[in-house]
Structures are given as structure tokens and as C-alpha cells.
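In this document, chain identifiers A, B, C, D and E correspond to the written order of the chains, with residue numbering beginning at 1 in each.
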Amino acid sequence: MTRYIIRRILQGIPLVFLVSLVLFIMMQNMGDPLATMGGRSVTRKEDRARLSRQLGLDQPVLVQYFYWLVGNDFVKIDIDGDGTPETYGTRKGVLRGDFGTSLVAREPAMEVILSRLPNTLILMLTSEFVVIFGALLIGVYSALKQYSLLDNIVTTFSFVGYSMPIFFLALSLMYIFAVNFKRWGLPYLPTVGMYDPQVGDTPAQVLIHMVLPVVTIAVNSFSAYSRYIRSTMLEALGQDYIRTARAKGLPKREIVFIHALKNASLPIVTIVGLDLPFLLGGALVTERIFAWPGMGRLFIDHVSRGDTPVVMGIMVLIAISVVVFQILTDIVYAWLDPRIRYS
Amino acid sequence: MLNKSFILKVLVLVMIASLGLSACGGSPAATAPAASKVATLIFTQEPDTMSPLYTNMYFSQILHQTWNVWTWQYDEKNQVYPVLVKEMPSMENGGISADGKTITLHLREDVLWSDGEKLTSADYKFTYDMYMNPKNTVSTTYPYDQIASLETPDDFTVVINFAEPFAPWLSLFHGILPEHVLQPVFEKDGTLDTAAWNKAPSAGIGPFKFDKWESGSYLRFVRNDKWFGEKAKLDQIFVRIVPDDASQVAALKAGDGDLGIFISYPDIPALEEAGVSVVTVQSGYSEGWFISMGPKAHPALQDVRVRQALVYSVDREKIAKDLLLGKTKPGASLWDNSPYVDPSLQPYPYDPEKAKSLLDEAGWKDTNGDGSRDKDGVELVLRYGTTTKEVRQSTQAVVQQMWASVGVKTDLTNYDSDIFFASYGDKGPAYTGELDVMEWSDVYQFPDPNFTYFLCSEIPSDESPQGVNAQYLCDEELDGLFQQQATQVDTNARIETFHKITKIVFDQVYWASLWQDPDIWAVGKRLADVKLSGVTPFYNAEAWDLK
Amino acid sequence: METHKLIEVKDLETQFHTPEGIVYAVNGISFFVHEGETLAVVGESGCGKSVTMLSFLRLIPTPPGEIVSGQALYREKDLLRISEDEMEHIRGKEIAMIFQDPMTSLNPVLTIGRQITEPLHTHLGLNKAEARDRAIKLLLDVGIPDAARRLNDYPHQFSGGMRQRVMIAMALACAPSLLIADEPTTALDVTIQAQIIELVAHIRQHMNMAVIWITHDLGVVAGMADRVMVMYAGFVVEEAHVEELYDNPRHPYTHALLSALPRVDRRRDSRLKSIPGAPPNLLVKPHGCPFAPRCEHTIERCGNENPPLQKVAPEHFAACWVDVRTGAPK
Amino acid sequence: MTQPPPPIASLNLDELATPPLSLAKMAWLRFRRHKMALVGMVILAFLVLYCIGGALIYSEKYANFNETSIHLQPPSLAHPFGTDTIGRDILARTIYGGQISLMIGLTAVLLELTIGIVVGALSGYFGGWLDNLLMRFTEAILIIPQIFLLLVMAKFFAGDIPDISFLGREFSGSVVVIVVIIGLTSWPYLARIVRAEFLSIKENEFILAARAIGTPTSEIIFLHILPNSIAPIVVSATLGIANAITLEAYISFLGLGVRPPTATWGNMLEGAYNYIESAYWMWLFPGLLILLIVLAINFIGDGLRDALDPRSRTV
Amino acid sequence: MSTETPLVQVTDLKKHFPITKGIVIQRQVGTVRAVDGISFSIARGETLGLVGESGCGKTTAGRTLLGLYPSTAGQVDIDGHDLTHARGKSMMEIRRKAQMIFQDPYASLNPRWTVNAIVSEPMRVHHLINNEKDRQERVKELLTLVGLSARLVNRFPHEFSGGQRQRIGIARALASNPRFIVCDEPISALDVSIQAQVVNLLEELQDRLNLTYLFVAHDLSMVRHICDRVAVMYLGIIVEMGERDEVYEHPLHPYTKALLSAVPIPDPRKERARQRVILTGDVPSPINPPSGCRFHPRCPVALEKCKTETPVMKEAAPGHFVECHAVK
């Protein structure tokens, strides 16, 4: 098992490097971070030249990647523009935990990211929690009562939810439950943000602000999960060992919740395990519409301004956690399924 | 391992959790008791940094008036008035030397930083030094790089020496750095790039002081009791970051926000209906066409008649009326609403027949009957590019149809602004000269009309990859006039020069206005006594109050 | 042997509703098993032998399956009429069943111990320790060495033969009076098959348990059955004591089947006698004798009327219009 | 061959075990039972008719014709779906936008299929180092959430792509960009499905039989295995179309999609969300059309999954 | 046995499957010795039965024999062609002459192909008949030959019953006019009433086309019926081989004896009277076969030396070979 984990980690490392290199090259070719640095005006020629020198943007892309990766505190760079390198660089490189300085926020990229991480996690984990357990209840029910009225209704609605573009859903919800409910004098929900700033970030505030975004995300991804659980449950229920369990005269709930669900939950573990790291990225659209200060919004804001350090930071963070979660999923899977042994 | 009791426990937990959620969902939002006066501002973009050194970003700069005022500011008529100096330097009071090369500032002596330290000339010197120190990756060194030397004869006098007379000196000292806070930081880190002050300024000068910045969520400013002026009426200014236009409008309508900016025209009726007042503020911006005359541009554009025809054939009044709901109108020059424009200039009227005859005259005729004019086998098809802003895309479509009716075809393209404005070196479409007509809106250092991107020296090339002359325009006479105005410290003489400049640009149609591009603010029902300036919008923040 | 009937099935009819139509799987079957008796049910795949047993145990998945009619009297109770709760008390406790594929029939993610003790908890109300002790004893009884340790193992850690032993231990947990064995040795090698047959024979004697043994292998039947019931296309075509059936098959199908079998103990004849055609399509409602299309003795009547099961000798029944011995109509 | 040998046994063998049902017919039988899938078919047929038939009623020129004085008009007889911000007829624009959306869906999936099948087939059939290499590459793409990758790629490719003409229509070059990036980021899942199919099908005895005959490898891959893995490919391609249409709408919503004036249902919504309250017709119709088509395709995909499921192939 | 050279000659054939670990760098951590050195020959027109329990390596042996798995060691000679060194053209020649019939009539026919495509594939691949129309004629001929109606050429496999499918499989094997056919458990997946049909057909074809069979099976009754000689495999090796009746009536190896005694006989009186040798335990894993005689852990008559010494094959009677220490 340990060997297996080590091997998986060793496999994952080149993967993350490859991904980071490709993304880095793409980032360098997609717009000019200095173009928008002038605010509402066009950036001056002298400032562009000076900034690209100071920020190292005048270097060839592979050199920039190298500095990004291992830092530049061992090479002299020219920051005053006189043509002779005179000062050592200050970058330590990703390998030493330095993701560079955000070109927009002018602070360490990792700090920018970490300030948003908890917000994304609280939103996404809640949504995931709601989705999985809702889907589990409905999925198991639908599998047991296949083609029943409720099964059909839930299936239809989850399909509609799944097919709705998320911004369409989010804005409709917002205008119904926030704007129009308030107008009609009904109990209403807040429109945007994570909490009412006048009240502060109390749990109650966060919870109430979370309702619409969570509902949006849940409605959208509920179908995939519940359909999946339904089909794995159906498959498990059709197995020979269920017939054996019934032939033994076991009570129905024991057959469903022990014999079937335990087998059915194995593939679900995989799905959830693979989905979890992607939660880090947040839901781009949902976060944007509900002004949720999470990673997804950070990504859009910074990608549109060519802020390589932050965008790369987010992507590398996600890539690493995908790899880590894949390994964790395998471990959990092996723990749950006695047939699997990674030796 | 899963067992029955475990599953049961989990299920119970889920039930409780979902009940809790739904219970919260059902109850109305708890409104906080109005213990203090708080105005909520809605920003669609988050400021990047608080430090004036590092930002050119509009949302960051407009906040300066609340917590770190400029040496001089502008009122709602965009008239300058002194803030940190006793009076505006002028030739008359000796603040500006006769040769225009020296400017002397006399600082107020009663100004305290919000942490209680006194503002002195050392802060000015420090600010200048920091702008010019290559260790700091400041966003722009302009106009400090024009200063030859800066002296501080006493604690409250600052003497600025220029090598050449420098007319746009008013753009200096938009925000001062507290030397007593930052000098030790600079000594320790060797740079101010990573100073904590940039994100959480512990010292500022303004009716409010910085309190908290929750990334992606909000910024909070509270009343500054050390402010030397009139004490602020509000207890707090609260800036919420709401990235989505629709959400901003919803928040304003729902009363979750008291002040919003960059309201898009189509939202105005709904806002006004909801009782939100919409305020239009001239900020010198003007949406217009930058017509390219570079080597890659369409050959027809070299002909002034073609350029004129392009303007004559577009009903700009109609665009302003329908797309911009009549909130603005076409302009004659880049400097409309300022004294720098030749008052005799009136926008070109809509006259498609005139456009057709001009094109005929220039030799562009539709000889092959394909709907677009041509000459010597070259079709008159123009590449018209701009950013992805919605109103620009709409304008493109409308203009395309209008030009088509006089026989000019267009290919439309849109780019994200960081791509559109990427430099020649980064192969941005604007500066590589690949577009024939470019549309955007800006002003260089409003309210000062100083300008660089019509200069021949700014034409981008392999040698000068950062050049900003996207039009590849090189007019000797214009160049000379621009050099001249920059050194004319005498305001009237400078205005004279600019009248000539505007006339040339107008006659030659180097640039054509689509509409004057005011800032559109939405002010909620509760917020009173708000005056907004085009340059320093929040200049009277201390007077804001809640009804 | 006692002649008390342990279970009696009457006119059982089971159908499956599929998108292609109704599958007529079991078409009015009647049979009985005495206490302690071994009844072998023989037939080719798809003849309805498993479905019959699953039907009266109510293990047919519904939908698509449907028990159309019939009775299954077990100790005076009609299994097809009692409540599901009551049925749960009979399944596993009174009537146990083992299946063909011991790999898929055991739950792969639960330990053997858990799977064996489940019925002990459910039916006998044993506590953990008691159940465990009994499980160990059961495993030892079915010939699994080192039983105490192996209780914590998972099915995949057992070989095919061992798994079938575990299945048997599980079935025997509550000492049922009837064991239904659905082709329990088909997936096993001959040497392992011999072990399992031996084991079941031993246990049966020991516990005086009735056995219904479903198989397609006439060789296996010869060794262990008391009575044999031959099924074809959802019908019983012949039923007799085992020796009578082998000596004197009275249905053309049984007759042909026996002559088609090669034997390990005999030299080769010229060619095997083969039955032409293929088993019938169950999607078509049976009309006439189902075996008629493949039968060498057909008369006109065979195509129109399905022959009922008739007594042809003492305790020997066959469903045929013709006397196989002469080829003449009866 | 010399004399044809006489038949060996006159066995009664002509009768077939099952009524003559082709696999396609069987699939159709199963599909037909799926009511929602049938509803999906009807909706899809209607939408395709709408996009293609509509073009006969409204010219593309009309769809792009703007008259700012009638902008933002609610639905009326003259403009049944109302007009947009510059006075274009929304009904006509949804017709031409639908064509582009459908085309994006179809071509992106075509690209996805090509790459996914090739990678999956090579990986699954040959195994070994090639499988390793290709699967690592696939994982590398899966390691970043698709929408993130799409945004980065959309910007990366947003260079100067000229407009293109296709089937007599002019498109913004960004259509190609969107198709390419959706195709380039969608294939890994398909490749994995194809690989898994290949791995299981190549263990079948008929592959062994083909090898015993001496059938060349290329024929084994393309004639034997590929046709047998068609079911999951068809299902995932179907769902892929819905996915591509949704993705296009998302990228457009985030401002990096197909550039106007080329309309797609997605980019018609881009600006329209500002009018969610004031001009419902701006977002309602394109939004509804996206919802309908995605829903229809998802229903069909679900039906196909049931109909083509190899586990339920036998009657 | 005829004196002419046998059609098939197998010498010390081995097939080991490596068990590897590692994804980037693979290293071998073990070996499945599926076939571990078997030798036999098959004369023209003869049928050799290869029997044994599942996992004994008989199927692997059959497939390795045809080069479907590359052999680890040993030599296979089919009609004068050395298979282990054959490449390209000569390999194709062997593929044409040696064919295979598979166990599972459902899995061995491509479900997406028509009967015509399936049966004509060998002709197409070997360019025996290059005209599509002639090929279809030949397919019809072959179908008739195996007892199927020629009308069914354009049907798909799923429309046929198991026995009919197996006939299609046989027709395909015959299409390239082979000399030698490996029958890999051709009847074990069929219903009892169908088995006889297929076996009779195979016998009929052998007589008519002078075919040579290797009949791989676990059903000893059927092997006795159809084969001329029998080889019994256990854990990758042949433990006993000889003329059919000789082996069935006088089995020498304790494993053969146990195996034969375990086969049920469809005769109640005989069956009940039989003395069975019941073997204990399961077949050990071929990854680490037992030392010495592979059968010794289960052998009822094992000697001390069986644990350490590997017995050699000896001819106990003319043509009757056995590999056992206990047999003198």
C-alpha cells in the first residue's frame, strides 16, 4: 500500500509539471497584464518598458517559467534599465513555496488565493453535502420504486435543473426570491455577498446568504448524482447476492441499506473523490452572480487581467489536489472494497 | 466500515442540516438596527491595492478621496481647489517661477495623518523618491520622471524643479505616502512592493480612515477624527464588491446599495423607476474611433475624404439617443467639456449623401456591384475592432449597417481589453496596426490635456515595441504643437495651442467622436448631499449623509 | 420413507413482461416433495426449472416477473398468499436456497462471518457471540478448515469450491427442512462437484432435510436423487422415481436426452443420437405439445393439443400422446 | 472448390431462435419505451425544424438588420419575440443563432469524437507504454476543471482569426475557436470510455477468432472492436452535443464566447441577463431554447443509454 | 498410430505469463506457469483429447499451439511449418491451415457482423476468393455443410440459438480449408440436447474432410466419445497420455483415476455402486506450483519422494505414457 502511494505520488509529480508548463506558456500568450495597468488610460510607453523589465516579463517564456518554478534569487537582474544586471532577484519559486506576486493585487499570489479559499470551501462543501445526501435519499428511493410517480417527477425535475444554464437559474432565483419577494412584502433572501456587512460574518448571516448559491449549485448538479446513485443502486439490487440475501429471509431494510447500498456506494466514493478537488475552483458562474468572494471569481477577475501568478497558483493548487484526492480516493476505495489490494 | 448505526447517524445529521438550511431559507433577512450611519457603495470591480504608487485603477483611485486625499482636488465642475496646500501655486502668487521650471508648494500646517503624526514636506520627498526608485515596480512614474530635483527647505515647503517647463504639473502628488510608516519598511524589505500598508493602510489623510478589507467581499472606512476639515457625517463608508452588472442593479434597487457606478444605459429606466437617481458626470472621456493610417491599414484611410465620409455616414445623434438613452451626445474632440477645445468646432452632421460623394470623389466606387466600393481592385472593407463591452458591440453592429449603406463593408472583431491593448511586442491587435478602425474611450491625465499617443515617436516598431501610437499617425505639425503645449506653463497660451491641435485633429479626422462618455452614477434614495466630480468623484465625502 | 408431503406446488404459472413480449417461463406446473426426500429437477437452460423454485419462494423480481396463478402449500400454508413478513420468516429458516455461481451469490464487500451470522440474528435471535460460535461450527461442518479465522475473510479470498461450501453453510444456518439447490455444481470442476455432492448427501441424511436439486446433468441426478422431474419449455414432461426413469423413460424428450449422452464408462458407439432443432422460443404462447417440433414420434394431435401429465406406470407420469416404446398413439 | 458436398444432416435448423430483429430495431424497441426520450426526439425535431425552416422565412440579413429606434420592444405581431438593444428581431436571431449553436454542438463533438476515439482505441488496444503515455496525457487534461481550461484557451486563441464562410454564411472566427477549444477539452472522458470498451471487447473470443484467422490489426481495431463499442460512443456523443451547447453559453456569459454580430443562443444571453426584469423577452427566448435543446438531448441520451446498454442487449 | 509423420508435433511447449508491477518501469514479480513443458504429436486425421480441470492450462495450451499467445519456450510444428519462428507469410500459411473453434458461441462471433461477413472473413484475409459474389456462394456452401440454411447468410448472430451459432463458428473455421482444428471446449456452453448435434457434426466433418482435431475439454464422457487418444493435464503439464480406451479403462496416474471416478454416470444403479476417489482441497495456483510432483499435496498415494523429485514421463504400456513415481 505504501509503495503504491509512493508510486502514485511519483507519477503525479511530472503530471503537475507538464500541466503547469503548458498552462504557463498559454498564460504568457493571452494578453498583456501591463495593458490594463494604466487603469482607464492606456499605459505609457516608458512605464510599460520599465514594468516589464522589473517584473521580468521581458524574459523568454521558458526563462520566466524557470524563474516561476525555482526562483531567480541566484541570478542578477537589471531593474533600473541601464543594461547591466546588478541586483539578485527576489523570487523563490514555486518549489520553495513562492507563487510569485500578483500583478494586480501586488501581494503574494498565495496570500490572494488563500484569502478566498475558505469562502469557496464553505460554499462548495455545503453544496456538495446537500447534493450528495439529497441525491442519496432520492437515488435510493428511485431505485427501490423504479418508475413510480415520485421517481418520474424527481427524474424530470432533475433533468430540467441539469439542463438549465446555471446563470439563467441563478438570476431567476435571485429575482424571484430576493428582488420580487421583497417587493411583494414576502420573506426574502439577500441578493449578493457572503453576509450583510452591517451585521458581520455571523454563522446565521453566512447561512442565509448561502441559500441561493447553494440551491443553484445543488439544482444543477443534483441530477447527475441522483441518477448515478439510482443506477448503481439498481445494478446492486439486480445482483445475485441480493437474491441470496432475500433467500436468507433478511428484512428489506437490511438488504437495501447493508447489502445493496454498501456495494453501490463504492462507485459513488470514486465520483465524489474525483469531484471534491474541483470544488476548490468554486463555481465560476455562481460565485460571479452572487458576488461570493471565492476562488472562481478570483480566477475570472485575474484571468481577464493576465495575472499569471494568481491564475497559475489557482490551477496548480487544483492540479495538486486532484492528484492528492485521486490517491486518497484509491485508499478509501481499497478500504471499502476488500477485493482491491494495491500491493 | 459502514454499518447500520453509522448510516443512521449520518442520515440524522443530514436531516438536521437540511432542516436548518431550509429554516433559514424561509425566514426573512434580519435587518440590522441602524445603530450607525453607514453608506454602502457598490463596486463592480475590486480595487487592486490602496497604495497610490501601485495603482492606476479607477476603483482604487476614486477611494483616495475618502482616506488619503490628493494635494489638490476637483469639484463637481472639475475645477481644481487646494487641499493639502495653502493655495494653488500660480505665476501670480509666485508658486510658479517665471521660467515655468520651478513650482513651490506651501503645505498646510494643521494636517495630521490618521495615526496622529504630522504631515510634512518629508512625506512629499519620500513619495517622490519612492516613485522614482527602481526597486519599486510602481504602475507609472509619470509625471515624477519629469522632475529634475525636489527640495524641502523647511517642514512645510516643497520646491519642485523641472528641467523644462512642465505644464501638466497638476497631475503630481495624487496621494502622499506616510514616510514615518513606510521608510522603515523600505529599509527592511528593499522595496515597498510587499508593504502591508498597500493592503491595509494604517495611516492616511482623509475624512475617513481605512478600517478593513475583506478580499472579494468588501472594504470598510470609518470616520477619521483626526481629519483637519469638517468632520464626516457618516460613521462608515462601506464598499461592497459586486462583480456582476445585473447583481449591482439588483442590489441598488433592493436598497442593499446606496451608490453605484458605471451603470449601463439600458439599466437606467429600471433604476429610476425604483427611485434611484442617476447622475451623469463629465470626466473628459470620449468614445471614439482611432482611425489607423499605418502600413498595414487599409490604403483608403490615407485619404482624408474617406475618413470624413466614415463620419458623415454615421448617425451618431441617433446612436446617442437610442443606445445611450439620450444621456449623452456626440462630441467634436477628445477634450470636450474643457476649455482646450476650439469653440468653433461642431460635430460633423449625419449626411450620407455627402459621404457618398466624398467617397466617389476619392475614387472609391462600386465597380463590380458586390455592394462594397473598390478602387484599383481593392475592395473597401475595413476591420473594425474594439473591446468586448456590450455597448461597443452594439455600436459596431449599428455602424456596420450604416457604413454598408454607403458602400463600406466591415469585418467586426472584439477582444478582451488586456488582449486588445496588449503592446506591439505582445502582438496586441491594436498596436500591431492590424485594425483599420479602433474604438475605445479614454483621456490621458484628465483634466490635463497632455497627450502622447498622437506623437510620431510613439509609433510601435520592433525597436520600440511599447509604443502607444496605435494609429501609426505622424503629423509633423501636430507633433510640434504637442511638444509646445507641454512646456507652456501659461494657461492661456497653452489653451491657444490646444485649439490648434483640436482643429487639426477635427479637420483631418484623425480621431472621431462617437459620443461623450460620462461616468454614470446611481445614487440611492437614502443617500443625501452627494456631489460627484469627474476627476475626484468623492471629493465631498465628508458631507455625505443619510436621510 | 415417510410419505408426508412437505411442499406441494399446484398449477404454478409465471410470466415475464419484456419489451419484446411476454415470456411464458412456467406454464402450470404441479409437483410435491416429501419430507427428507430428494427431488431432482432436470431440464435444459430456459426450461423454467429455476423460475419455478424462485416463484414459490417469491424471489422473482416483480416487475418484470409475475406469478400469474398457482398455489404453493408448505405445511398447510400457501406461500403465494401469505404476507411478505411471514414469507421472510420462512425463507432462510424453513426453506433455504443455494445458487449456481458462488462468486456472484456472495456479497463481495461483507465478510463471510457477517453473511453467515445474518440469518442467525434474524431468524434465531442469537447474539453476537452465539452466532459466531454457531457460524464456526457450520463452517467446520461443511469442511472449511481454520473456520474461526476465516470468518473475517471476504468471499474473494475463497476458491470456487470453498465459496459453494460457504453458501451451503449459510443455507444450513437455521437447519431448514427444505434445501433448494439451483445447479450448485455447474460452475465447478468434476472433482469439486464430487466433493459438494458428497457433502450435501451427507448433510441431508444427517439433518433429514428435503432437497430439491436443480440440474441439467443427468449423471448427477442418477447418483443422488430419489425422484426426478423432467421439465421442458415451462412444462413438466415426465416424473418418476430415479431408477424407473432411467430404465424406462416414457417421454420422447427424456428418451432422446438419455440416448444423446456419451458415457465415460462405455466404448463409443458409431454416432451419438441427437435431438434436432433447438429449445422453443418462450415468447410464443405454447400451442400443442412444446416438444413436437423436435420429436420423432409426432402425430397430428401433438401439434394441436398439449398432452397433460398422465400416469404411465405406478408413480410414473409422462405428458405425451404417444407411447414411446411402440411409437403408437396411446 | 470441387463438387459442393451434400449437406451433412437434414436437421430442422432453419428456424431461428428469435424473430428477425436487427440490433438497431431492438434498440429502437427499447428506446421507444422511454417516454421522455420520445418527448426529447419531438422537441429536438421541432428545434431543428425551427432553425432550418425558419431560415426560409427570415433572411439572415433581416436577422442582422438593426433599427435602434425600435430597440427593446416587447413581443408584438411584427416582432413576435420582441427586439433587442439595437432593434434587431429576436425571433430571426434565435433562428440563425440556433444554427450556430447546433453547429458548434455538432462540430465540437465531431472533434471530440475523432480525438477521443483515436486516443482511446490506441490506448486500449495496444496497452503497454503507449497506453501509459496517452493516459497520462489524458489525465493531464482532466487535472484542470474544464471551464477553467476553456477560459484560458479561449483567451489564448483569441488572436486574430478572420471571419470564415461556410454554407453560404459568414461567421465570426471565434466560432471556430469555440469549437476547437470545446473539442480539445472534452475528449478525455470519451477516450477513457473508448479505452475501457476496447479493453473489454478485445478480451472477447471473436477477437481471438479474428487473430486466429490472421486478420490484420487495423481491421481488428476498426472492423471488429470499434463497431462493437459504438453504443457508449453514441450516448456520450449525444450528451456531448448538449454539453458543448451549454459550455458555449457559459463561455459567452463570462464574456469569452462567440463574438457578435454572429448570434448564438449563448451570446444572445450574454448581455440579456441585464434585462432579466426590464425586458424579459431578451433572455426568455434564447434561454428557453437552450434549456429545451439541452433537455431534449439529455432525454434522448438517457433513452439511448437504456436502449443501447450492452448488458440489456439480450431479449 | 500411423507411421507417417504426424501433422502436429509439439515439443516441450511452455507458456508463462509474467506478473508485472510498476507503471513507468515494469518489473516482473512472478510468473504464471500456465503451460510448463508439454509434448505430444497428433497424426493426420486423428483426434487428440486434452482434458483437465479449469486452470490446468489446457486452453492456454491450445491457444499457444496456434500462436495466439507467443510461446515462452518449446517448439510447435504444424504440417511442416515451424510456428515458433514463423513470421509474415509463413505465419499466414499456418493461420490458413490451422483453425480454431471456440467455447462461447455468444462471444466468439462478432455481434455486429452478418453471418456472411463472419464466415467469409478467412477467405477475404487469405485472399482465397477475391470476388465478393463467389465468396458468398462459398459461404452458402459452407453453411449448408454445417447444417444451416443458406438463406440465413445475411442474418446477425444474435438471431441464432447457441447451437446454430456454434455451427457458424465451425463454418468460419472451415472456410480456409484447414488441415488442423483446435476445438476449445466447443460444446461446454451448449445445452445437453444440442451437444450431440455439434459433436456429430464435428465427427462427420472429420471423416469427410480428413481433419485433425485437438479437442480441448473438461467433459471426460464426451472426450471418450470423440477422441482417439487422450492427454490429461494437471497444473500446466501432461500427467498421462495414451490411447483412449487404454486410459479410460486402465488409468495409471492417481489424478486420472480420481478424475474418472468423479464423472457421474447417467445410470442410477451403477452410479450408486461406484467407489469414488474424492480428492481433497483445490487445484493449487500455477504461480507457485508445488515442488516435486505437482499433484502430491492432493494425491491419495503420495510417496515421500513425490515432494521433492519431479517424476519423468514413462511409457507404462505401449503408447501409454504416465508421469508418476508410484507407477512402475
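What we mean here is this: contacts are C-beta pairs under 8 Å (C-beta built on N, C-alpha and C of every residue); 3 or more make two chains touch, one makes a residue touch a chain.
Computed from a prediction, not measured in an experiment: that's the story for all the values here.
Interface comparison, D-E versus C-D: the higher count of C-beta contacts falls to D-E.
When you average the Cα atoms of each chain and compare centres, the chain farthest from chain C turns out to be B. Chain centres here are means of the Cα atoms, and by that rule the chain farthest away from chain E is B. Chain centres here are Cα averages; for chain C and chain D they lie 50 Å apart. Chain A and chain D have CA centres that are 25 Å apart. Per-chain CA centroids place chain B at a distance of 44 Å from chain D. Remark: chain B and chain C have CA centroids separated by 87 Å (rounded to whole angstrom). Each of the following residues of chain D touches two or more other chains: 11, 13, 17-18, 21, 155, 158, 255, 273, 276-277.
Taken residue by residue, chain E touches two or more other chains at 23-24, 161, 164, 197, 200, whereas all remaining positions touch fewer. Residue positions 246, 416, 419 of chain B each touch two or more of the other chains.
Touching chain E in their complex are the following residues of chain D: 1, 4-5, 7-9, 11, 13-14, 16-18, 20-23, 132, 204-206, 208-216, 219, 224, 227-228, 230, 313-314. On chain E, the positions that touch chain C within their shared complex are 53-54, 161-164, 191-197, 199-200, 203, 218, 220-222, 224-226, 245, 248, 258-272, 274, 276, 278-279, 282-283. Touching chain D in their complex are the following residues of chain C: 18-20, 274, 276-278, 281, 283, 293-294. Per the touch definition, chain A reaches chain D in the complex via residues 11, 14-16, 18-19, 22-23, 26-27, 29-31, 155-156, 159-160, 162-168, 171-172, 175, 179, 227, 278, 281, 284-285, 288, 299-300, 303-304, 311, 314-315, 318-319, 322-323. Interface of chain A with chain B (complex): residues 30-52, 54-55, 79-81, 87, 90, 101, 104-108, 112, 115-116, 119, 126, 129-130, 133-134, 137, 171, 174-175, 178-179, 182, 187-194, 196-199, 204-205, 207-208, 211, 214-215, 254, 257-258, 261-262, 265, 288-294, 297-298, 300-301, 304-306, 336.
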